[in-house]
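Next come two complexes, and both contain chain A; in the first it sits with chain B, in the second with chain C.
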Partner chain A sequence: MGRRHKRLKTASELQRLMQWHYASLRLPRLGRPLAWVTSGAPVEILRAMGVAVAYPENYGAICGAQHQATALCQQAEAEGYSPDLCSYARTSLGAIFQPHAAPMGGLPKPDLLLACNNICSTVVKWYEAAADSLHVPLFVLDTPFIHRELTPQMSAYVLTQLDELVEFVERSCGRRLSAERLRRVARQANETVRLWGEIRAMCRARPSPLNAPDLFVNMAPIVVLRGTGGAVRFYRHLHSEVAERVRDGVGAVSEEKYRLLWDNIAIWPQLYRFYNYFVNYGACFVADTYTGAWSMEIPQGDIMKGLAETYASVYLNQSLEYRARRMIDLIKEYDVQGFVMHSNRSCKPYSLGQYAIRRMVTQETGIPGLVVESDMCDERAFALEPIRTRIQAFVETLESMGGSHTTQPVVEGTGVR
Partner chain B sequence: MAAQAYLGIDIGSLTVKVVALDEQAHILGRGLAEAGYGGQEAAEFLVNKVLQESSVLPGAVACTVVTGYGRVRFAAADREVSEISCHARGAMHLNQATRTVIDIGGQDSKAIRLDESGRVVDFAMNDKCAAGTGRFLEVMAGALGVSVGQLGALALTSSTPVTISSTCTVFAESEAVSHISRGATRQDVARGLLQAICSRVLGLTARVGMLPAVVLTGGVALNEGIVAELSRQSATVVWVPPDPQTVGALGAALYALQYGKTK
Partner chain C sequence: MACPWREGARRTRKSWSDYCEGEVTVEGRRTTGVAAGPPPAADASRGLWLADPYSDWPARYPGRRAVGYFCSYAPLEILHAAGLTPLRLFPVEGTVAQADAVLPPFSCALARSTTERLLLGELSFVEAVLFVHTCDTMQCLADIWRMAGTDLKVINFPLPAVLSARGARELVQAGQRELLRALEDELGRHVTDESLRASVALYNEQRRLLSELYAWRDRLPALRLWQLSMAGFVMPVEDHISLLQQSLSVAAGADGESRRGPRLAIVGTVLHEGSILDLIEELGGQVVADDLCTGERYLQSSVELHEDGDPQTALVERTLARPVCPAKRHADRDAPERLVRLARSRGAQGVVFVLPRYCDPCGFDSVLQRRALDTEGIPHLTVETELTQPTGQLRTRLQAFLELLSPG
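Entry: the complex of A and B
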């Protein structure tokens, strides 16, 4: 594995940063309340009000990568939750029911919950269940689905709720919103977003300095630490390392032959193993739709209005046409020869419609797309041999379309092929 | 120097297939055997048998390509190629007009679309589900107390098929059983089952787009009821090559011929 995945020098810094984040949630917070929030929640407001935040989705991804999620999913199923429910939700609920069996003993108990349905509607019911079990107040932020474009009425509707959110936090934990602090947090959030956007854009280089697992692992701070100085510092270091790779012509994949685009959430328990099947054929994922979902800058001017517009317009809250368009743009910008869509059993809004998007993208670009069925955390949904067959057939298709001259794995005799 | 041979081996979940070609891509010999445990031993045994029957000395094999689910662990091959590419190659060799290949094997079904030059431009496979595969037919034949071979003929005699709504093999079986217990005839249940399998397979084919000529390969192509039902539901002529089970092995042998000559 070591040979096929080139570890970044900043990897240990990332590890320390994330460990510090999770440890800090357990330290005495001197009266600072703790909120659990969804990945698409306007966290800047909470930070500006001095609320510490934890992300159950990120926690779910960590459990998944550590092969701990399936057991927690089973705990939730034992309590009556359907195996068809999102595996982040089941992991999180399982950890609430059986914290002693969960990594890090589960997330520390929150004082309030914030769910924004811009990423899916499952979060509403999941957070209701959590609020019920933990006896803490819940705020649901409702963002209308964007079929065509964000209308002034829609942003006004979201903006009203942001004001209500501020009142909710004031009421439930007595914290006040400081305009000065909000400006600083928004500035830092935008700085993180800018750096992350530039890091992703550097993958336009040939060979690409990063592959999918690098993008997935390094996106953690943009989600859980956006708007903090720690995230800005980390991304500055990552930025210079990636720029160095580009300057020296160092690719994430030793002999980059195929440049691919990834759609949907990572398969966390198979992070390196799965992508190494592609690496064996010299295929590198140079772009993806997932880690770019957090690269939206808060517009200048009225910050609350900017937050309303930014969070209402996230990738998953928009039409299939928008998503197909984004993929087509990425394919052109990153000079991509094929795309792989993870049909993620957990994530219905992301996965439903993938066949329609696939058709639109292939029609417009002429490049082939592969759909792989699995799950982001639940290992019971990962079937190795059918996936291996699809990957091999897909690479053979790329080859026959004029990609390269061999379909034999570049790395031989590694056992895992 | 003795004529050289090129071997294609398809190690599937239920059966193992071998095809040996000469340099002009003429078939020297072919064979089929049950895969047994893992398929590796069965494949080696079958290779020797086919070589003996076609009087090819083992040393005369210039190149071997293996495909199918057992391909990964088969050490005696020069190359492994996915069954998608092999079925496409084999079908194209047998019928130059092929644009769509539907392969229904033991544990999976696949739809492959080709362009005029025989390149694979798209493919789709069933996911983690045995409905629409040879296993489905085996289970259902068992439920009806007939052989897989009889199932198709039985279905062809039905004019009032029952509706099998379930897409799950296990649930479809209990559905079939409940139809029987309510007095439905074997013929009508058999036809209902074949209709269910065909609608599933055609749903898969629609993902890649179904263009004529349509070639049906794999063991299930031997089932006349399936062929008739697929043609009827799709309103397209579905062509079954002679010996449809060895099309993947033939494709593998054609790859062996290509690689062996460029080696």
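Entry: the complex of A and C
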């Protein structure tokens, strides 16, 4: 196990925090309504209105990691949902149809649903389906996709809808928005974002204190507990532990040889196993495009306007060129020698443009990129042997490039697709 | 460049415009009218006349400047008023090879097939492509095409995902203004109020004629109606209007032979291949309604432009009022309800879903729609399509479905 995953001391604190979160959803909420929200929804508004929140995407990831997602997907398929549809959606709908077969008995029934399409359009259809089954009202916040830039008309459109959202929550559960509470929640959200940003930035150190599975596991609170004191406390502790690792020169991977960049959502059922194939070669994922997606601070000043702009500009709501440029920045900042893209059958907005991104990134940086086709939750899409072969070929390419990217010529197509 | 399939197709088929215009008239005069049966040319039933409306497009319409588009929400009137000829991009049967290096295998046929065409350089005559924001695939495709290294200009149109959202009207308005600016800045095309009014009138006339033709579904073979609709997306609107007028006069002269057999509604998105319609009729069914963006979703509702009204505002209103695409949401008009209403109002006894594989919006909508149909006691059949349709199995399934609907 010497080279394998190194457990963080804060791991048990994380586990307790998440367990508490899921347990608290089942406690009597004394009249507090519960909302199911998408990972990119402006949750600050709901929290400031005293609405408790649950994240079906996070629940899907948990089911995936516990090898429970595929069976739930099959439940959704039995109800007519195609296996080609998003596996978070199928997992969540499967858990609605058969809660007794789902981990934790599924998520508790919500009073309202909030979907924001800044991460994908699937959430709109998925939440429509959930609203239909659960007979609860749904609000869809529409954030126009940014092909070039966020125009004033686009921000105005989102801002108008935020007002509409507040009215929707007032109407459907009689809650009022407290400006003071909104400021406090936004402050705490920013504090979490700052800490998480710094934690990720510490991975610039050699060796990197964290590897991709650490980032993936530890991102949970920034999503589901965004804007809460509990999240701030947890990230303070994680921050000091990671800083300690950097100070002591402790790497997530012993004898770090290759520094890699990860693109797309994790393959949850194979989280440790998959990354360990890389660890075996001394390869560490020091950065990724996914766990940074929640690292945007709400600007000071008019909070609603700040929320509108922040949520409209999240990573996945921006053009492929923007994403390629971000990857190029990460490659430079983190001194990365190769990147691996998970072509995720469940996530078209993240995956369809990966070849275009790979081409641009490789052209500009000269470093090779590997595309691995799989799925974030549905284990039927994970083909072990071809993936291992490709990883091996990729690492051989890295080896042949001598581990340094700065002097290499532009290489496109590394023999691995 | 060599594509054996297409070479072969080119040798054996007539020019599709010849086929389409000539045949409707000739057959109408020669026989008892268009209701006489499916078109004689066997290749038509396989859709070969539409096999490739693109490669000889510039030769067919010399002097015309084409602007590509995918989605029936595209404001064709504005493109036309800019002196451009809107040309809709459809999937075309054939091998996809180049596009596989650009798109993962779980992309829909529309994305893969059109990208193949782009990468083969077959769209080089197109001045620009307008991407209206619809689904995740189109959203990615717009960027992929812009980054593909061709000369093609990509213009984006930010259509709201929630058409009932507060502020949706203003966003469409802003999108139209942006489009006008892009046409001016990037293509040097200026749109005047007058030219826009004229284009609005032209497209209203086209939709009116199409609606008239659709009202005669019982006299017109479904495949013919499909061909006449599809032709409108790949030919200049002026030519299409003449074609429709011709077809209408033929249909008017035809005997109003009423069809028998189970009445079906077809639901889907782009129906890029019409042979299933022919098959339905061959097996004794009839198509009485559709919810397709190459069918009734395109032609329903016109642009209400009054004498002193603003054409741009009128266009916005139509965008918000027209039938809703599965990729869009309208809080007061949900998909299952719309379908049940459509089926009931047309007396459809059954519904056939023709769904492109990997189309997420259709994939989700169809589940709720099927459930609503079950509640209403309306039987349904789902056919999944990729680039080609599975013929043998489809025939058997349709046969069984129609038997189920036939009395006795």
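The definition used in the following text is that the second predicted complex is superposed on the first by the 400 of 417 C-alpha atoms of A that agree within 3 Å, B and C clash if a C-alpha of one lies under 4 Å from a C-alpha of the other, contacts with A are read in each partner's own complex, and residues count from 1 in each chain.
Definition applied: a contact is a pair of C-beta atoms (placed from the backbone, for glycine too) under 8 Å apart; a residue touches a chain by one contact, two chains touch by 3 or more.
All figures in this text were calculated on a predicted structure; none of them were measured in a lab.
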item	value
Touched partner set for A:Ala383, first chain B, second chain C, both or neither	first
Chain B versus chain C as contact partner of A:Ser400, first or second or both or neither	first
Contacts of A:Pro144 with chain B and chain C, given as first, second, both or neither	second
Which partner, chain B or chain C, touches more chain A residues	C
Chain B versus chain C as contact partner of A:Thr122, first or second or both or neither	second
Which of chain B and chain C A:Gln354 touches, first, second, both or neither	second
Touched partner set for A:Gln392, first chain B, second chain C, both or neither	first
Touching partner for A:Cys86 - first (chain B), second (chain C), both, neither	second
Contacts of A:Glu373 with chain B and chain C, given as first, second, both or neither	both
Common ground on chain A, meaning residues reached by chain C in one complex and by chain B in the other	343, 355, 373
Complex contacts: residues of chain A adjacent to chain B	343, 355, 362, 368, 371, 373, 381, 383, 385-386, 388-390, 392-393, 396-397, 400-401, 407-408, 417
For the chain A and chain C complex, residues of the former touching the latter	79-82, 84-86, 89, 117, 120-122, 124-126, 128-129, 132, 140, 142, 144-145, 147-148, 151, 153-154, 156-157, 160-161, 163-164, 319-321, 343, 345, 348-349, 351-356, 359-360, 373
Chain A-facing residues of chain B, complex	69, 72, 79-85, 108, 119-125, 127-128, 207
Chain C to chain A touching residues, read off their complex	101-107, 111, 133, 135-137, 139-144, 146-148, 156, 158, 160-162, 165-168, 170-171, 174, 178, 327, 329, 334, 357-358, 360-361, 363-368, 370-371
